[in-house]
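Labels run A, B, C and D following the written order; every chain starts at residue 1.
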């Protein structure tokens, strides 16, 4: 059978990214307690395509994933990317892996345990060097300082989603980023709260009001001091309980003098 | 050209619903102030198909919509459904129209005006008689009575979505259902609130705590007393600010003794 | 602390469903090969609330889930529902579990293996008797018979999603429903196809054209003959490659003479 | 009342973007036929916040939008952004407007008319100079050249979404970008096709096979030759009819020698 993809292309136009998108696959990760966590990922895999080839070979992306999804650690991503470059004869390979990650969490007073889900992501890009970004999204509670200040009693509060993305030199656990996010907000949120916990969380949030601006600044303060992190992007989106739209803030920072170096 | 759809089908299996789904179309509605409102609808149109025909004629659904989308009132839906039955030689026709509907709303103290969006729906079914359901989804604020009662200060509150669906004998405006929803909650929400309004809304919600159960019961109380309404389904979903999941409640009621009659 | 939820309610309005919605939790299932499959579920759990209680106790839903998510089989759902009735003093309990389920699948010629994801659901309701519905959504290829018939060459085809929901008397595996769905379409779809497989699938679909109406009728034929199934609802939604909207068909059938009996 | 937002902030951390997100608002646009088109937009509005202020004033974003949504042309966006900078005392203002846009389209043979929806976007950023990006998403049909070549008859084809984003020096209409997208694919798609049109579209696509790589290269060829365009990003995502995942390709190009200049 003819290999149409291998035909010479005369349009003289290289393609930045070509590949498979929104492939859902079961994956296995390590978690901090050194046990494996099985979860489900949505995966995008792309390579560049030089100007003189008509098409890439889409089935090879899935073949490579097949060899690795049983142990898709952060530190095996470079191996996946290297195989993508080789098998697809590309100069650059790119992978994005989005997955829910679960932690057991204890309620603040009763210590009742339950599972909390965090949407996480690995993004890897390999040309000569590997560029890797770790991402987490953490649901939290934010209570409005202005509403508290101007009102006789009460204050509007809401669920917010904090997003942290980092590039780093030394291992950072997903669990650490979740803790950083929860400490930047008015309060963590939980799957299971008994009455004494609900009292605690309500009062803790009321005593700890945070604008969306405060949240991203607190995240920035913590990550500025963390020498393992050389780049970050932090966002908070507050699903305002008094509006039908959201409040949003973003800070992005590259600590490197020369952005081609790692610190 | 052969009309494959018109072939005789020997499988002897009638089809309950067949047609087009997720067709996005511009539509024009009347609003209570008697002016037209142009908006954008996602539309599903189905008919039944008798056991002896192989296929329906999908293009006719879109042709009928073309004739009516410039004036798609509640009271013209029966005409659309009648055309569907005739053109597609069906015994039953069904249409679902989902659209954002905008109202100008004044902030409670400053009276600053802004537009609020409400997701609404028309659902019509015509066999012999027309069955019509009007639906609205209204974002509101709910403040937790338990959290208020047990906490020294503050109370968790959040954005909630109230859904009301009604069957009725006499005209009910979308605007009336929105008001009923807002009165059942701790407070309405707004697109634009100045500082004095934020104080008002915060205090109003704190003085008016509502469980998700209270919300649907208040909706039911109001609709029980409204003689125009002979059937309703009310729901509230609270995007809990202390959890990453939602609280939910539903009441459905048919006031008719014999569900084949209208009251 | 006061138990606000336990207060007497004088509005005299019972609530049909109240509980937690969109709780994401890791779950463990059995698969046909008798090995466990770990996946991630979105879960809704509701009970009814008698007219005289003000609120339900939301944390108990999560406590019950905590005891069962490590082994959430179809045949343990009644135990979960029974606990919900008891712990929440309700007459009726309801659970909905939505989860991706993975099967290893072989390409039709090369037999190259890859994982395919199917969105599945368990829905259980317990008043006196247990009512249980098993659901699967299966992506397939459909090729239009009319387009094939009237065109010199080629025929439009597209990805479609078949949905099957069944009530049954004797065990049916998710895997069986997936096979039934794939046989009703023009061709199955795969995560990994080599060139010889792509040729096979293209030709198989071209030789096996199916309207959306044909798909649901073929599903109905198969399920009519399956004595284990006493109720089904089958749907197909074709993401038409020549339109920006979808073609849709539905058949629902209850085989019981008296719908209060199981066959 | 105290202006908490105006408090001095000592954390010494400037914020890149802060504002309102996912605000749905009715807007009015010009279309090429010089008539107005009323539609519904999802809007994000952000400014930067210097390190020494604690918070921005969220209500002012909505006040500015209120003054402009009745005529939100491309060429009035700079006015909106200028007001955002002034009212919020910011050095940089940013707006993103996402909206469905409708065109009347004639079927290729019968010339039957119907409305087609295209998801469009305006993105504006104003520091000293205005940076503006126009975006459209165009559903099309793509037919696989490899599948056609290797198969006895037929070829898999599917709905694809082409995305074009451009920066330009001279006015480009949304309508022009839609035409460019449709010409790069195997065939346009339509809301209404009679039988003779379906034959035409099926055969046209079969005679015009395109890989996802061909689509983005054809887009690039056209935009390379268009002197009004000085930057573009083109993407195609094909909802493969033989897989449950998508094929994807991207080309981004800046034609300027010095990216701080406009051509």
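Quick note on the criterion: contacts are C-beta pairs under 8 Å (C-beta built on N, C-alpha and C of every residue); 3 or more make two chains touch, one makes a residue touch a chain.
This is a predicted model, so every value here is computed, not measured.
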### Summary
At the largest C-alpha centroid distance from chain A we find chain B
### Query
chain D and chain C are one sequence twice: same or different residues at the contact, by the over-half rule?
same
### Query
Count the touching C-beta pairs: is A-C or A-D ahead?
A-D
### Task
Return the distance between the CA-based centres of chain C and chain D, expressed in whole Å.
35
### Query
So, what's the distance in Å between the C-alpha centres of chain C and chain A?
30
### Task
Just give me the whole-number Å value for how far the CA centre of chain A lies from that of chain D.
25
### Query
Listing for chain C: what residues touch at least two other chains?
1, 23-24, 117, 146, 150, 191, 193, 195, 199, 244-245
### Footprint of chain D on chain C - complex, ascending
116-117, 139, 141, 143-144, 146-148, 150-159, 187, 189-191, 193, 195, 198-199, 201-203, 205-206, 239-245
## Note on the structure
Contacts from chain B onto chain C in the complex sit at residues 1-2, 4-5, 9, 11, 13-24, 44, 46, 49, 54-56, 58, 145-146, 149-150, 211-214, 216-218, 220-221, 224, 237, 244-252
### Query
For the complex, which residues does chain C have touching chain A?
1, 3, 23-26, 38-40, 59, 62-63, 66, 69, 100, 102, 112-115, 117, 191-196, 199
